[in-house]
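I'd like to ask you about the structure that follows.
Note that the chains are named A, B and C in the order they appear, and that numbering of residues resets to 1 at the start of each chain.
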Amino acid sequence: MSQSNTTMNLTMYRISSWLKSPKPYLMFIGFGFVLSFWYFSVEVWKLPRFQDMPALTEVLEEWFSKDPYYGLSVYTPEYYKHIGISLRRIAYAFCLATALGVPLGLFLGWSQKLREYIFPLFELLRPIPVLAWVPLAIIMFSGSETPVIFLTFLASFFATTLNTMLGVESIDEEYSRAAYCLGASRWQTFVHVVVPGAMPYIFTGLQISIGVAWFSLVAGEMVSGQYGLGYIINTAYIMVQYSQIIIGMITLGLFGYITSALVRVAGDYMMQWRVRELALGGD
Amino acid sequence: MSTLEKNDSMPTTGAIRIEDVVKVYDPDGAAVMAVDHCSIDIPAGEICMIVGPSGCGKTTLLNTIAGFHGLTSGHIYLDDEVLCGPGKEKAEPGSDRIVVFQNGALFPWKTNLDNIAFGPMMEGKLSKAEIYDKARRMMVDAGLEGTEDSYPGEVSSGLRRRVEIVRALMNEPKVLLFDEPYRALDSLTKSVMHEALLDIYYKNKVTIFFITHDLEEAIFLGHRLIIMSSRPCKPKKIVEVDIPHPRDYSVLTSPRFREIMNEAKGVVNEEARKAFEAGEKEG
Amino acid sequence: MTINKFLSKLSGRAALRGVIAIVIFIAIWEFGSRSLDLIGWRMPFVGLIPPPSDVLASWTGLFMEPSYWQSWYMSFLRVFTGFIVAMIVGIPLGLYMAINRTFYGIAFPSFEILRPIPPLAWVPASIIFWPTQEMSIAFVTFLGAFYTIVINVLGGASSINRQYLQAAQSMGASQRSLWVPVKETSLGVSSYLQPCPQLWWVQQ
């Protein structure tokens, strides 16, 4: 298909021009700064507060050792088990939140009447911090998995719905007017104008939503979970295995970034028109 | 009326009669009259140019004909049928009166071809194959061959305007409503667009209601100029353009063109100065 | 004029609809949580939680306790401190990244890598590092607001029309005074405050 060809070409072009620019080198310089600051402050200069922190070498050793002292490294299956469980929870919560939040957001943005009924209630519930729901979640749902997934779902759901609704409201009125002129009914306008028009905003919302999902997941896992990355971090702290804390944090950062990038890529794929428009206009 | 050659295959439908229309806005209790007892008679197939200073209410009039909002009093008739009047203050937008918007309302998420096919697809009267066939033919006719599978964001703004006009014509409307469509184009592109519009008009005779600031554009395109007063808008002077159709750019330097220009210019400038002093925002 | 508008909005149809939905919500909650007593069948999920009337009763009791207000005050302080520090650090950082391309190239990728780590994951590290509990709480709050502030500043600063900057430069402004467009960056401050309350809650 000629469409995917052009996108492929554009992506390759952008990657190669990025490689030729100073950007990759600056990036590594930046990483270098951060890592060396960590290394020096903890191990070499032994700055007052820093010296109690786990050291870079210690963490790296532990993370990549075949027989880790505390039990978690890239070679142990437990590590991947915890990652897998966290990812699974995120998947359930995020997918459910998207499946419920996007349609709700679309309808809230589209129908004035619905918005007047539901939005105030929504805005009352939304600011309640996720963790405040923990006790209720434990009471309401049996088992140990469901409360955690529920909490993650909740945060994700509010973010998705809100952003979708705002997206619909941001669509230029002229598009729906044009549709009506051309003979489209209200429902047809909703499907052909509102839904595609809101897509860019929906995907921005989804990126926020997945960030929020990880946030809540860690909170939930720290408090009431039995497995998962949040659980690792919490346990490592309790059992004074500080290098594990860092391993957990880095893994979280890595997978948080990957999942967010996946959402972004999915968005780019679904919105070919925008990718091409931006490629020609921007940069 | 002598400018319209009655025996020159003029359409029989599409006559607009605006009768004593008043439109009053009521923002925050301070009534603002946008249209003041306006009466205009537009025969079928005429290119009627509405010229006036910024903010005088011309767009309001257009929006009322299109059905985007209602009038306060008066009648508007389309072919002797009431579009809107007392008891039915707001007309329904429909494909017999299609608007071409100032900033362009081509759907960025559909290809040019899909945009053009949109109207008939929504109405569902013809089969998909017939619609796309007709769409392709019309694109070739308008000189748009080759841009079918591009997105609006990828092509020039002049081309986008032409696609939008073809999109409007697909539904075979009785009236085309233009709201300063060429305002954002540079003057070179503008003159090309003018000839393109006339070309399309000669092949598809419709009534055209065209709002513009540009006197040259108005005289070049129109059968008649209706010069509006500053807000609230009311026809101040009607100028007949008796230069015969078909026209091309050589018309611009003809002596008759100069004469008409002189006739109109004084009035236009006077109204523009009034609007400037009143601090009107462009609308 | 605006007060009148506000008051008329409160009594308008939209407000009425919003109130109806909230009332229905509370009614379902009340009925559902008492469902076992009322109709002999426990409603799923809702049937297990305390009813709003009980909540209201204990809350009014709580109002009287000074410790309630004290904890409220302490939490507020922590959120506020974290937020202010996040602004002090984040806004200049964001602006500098927006202005200086080299600095952006160095700092932003590291920033982006650290950003997905949920602030809660920093809690243990924060407790180890900071001498007092107050500071460790404020640090976590700071993190929550910091990322959002920097991203928004970057977004705001980059959307300033290049022509304004060029006009300023041609009129002799030095690089420094270009930092003035902070007003462009004060978008949606409320969104920064959102993550903060989430975080101090953990620490409690």
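Operating definition for what follows: a residue touches a chain if its C-beta (ideal position, glycine included) is under 8 Å from a C-beta of that chain, and two chains touch if they have at least 3 such contacts.
Keep in mind that this is a model prediction, so the values were computed, not measured.
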| query | Steps needed, at minimum, to get from chain A to chain B via touching chains? | reply | 1
| message | Among the chains here, which has the CA centroid at the largest distance from chain A's centroid? | response | B
| chain B-chain C separation of Cα centroids, rounded to whole Å | 49
| field | For chain A paired with chain C, centre-to-centre distance based on mean C-alpha positions, whole Å | value | 17
| remark: Per the touch rule above, chain C residues touching chain A in the complex are 13-14, 17-22, 25, 45-46, 48-49, 102, 105-110, 112-125, 127-131, 194-195, 197-198, 201-202
| task | Enumerate the contact residues on chain A facing chain C in the complex. | result | 22-23, 26-27, 29-31, 33-34, 49-50, 52-53, 113, 116-121, 124, 127, 129-132, 136, 139-141, 211, 214-215, 217-219, 222, 229-230, 233-234, 236-237, 242, 245-246, 248-250, 252-257, 260
| remark: Listed in rising order, chain A residues that touch chain B in their complex are 2-3, 172, 174-175, 177-185, 188, 192-193, 196-197, 199, 271-274, 276-277, 280-281
| task | Mind listing the chain B positions that touch chain A in their complex? | result | 66-68, 93-95, 97-99, 101, 103, 105, 107-110, 118-120, 122-123, 149, 151, 153-154, 167-168, 171
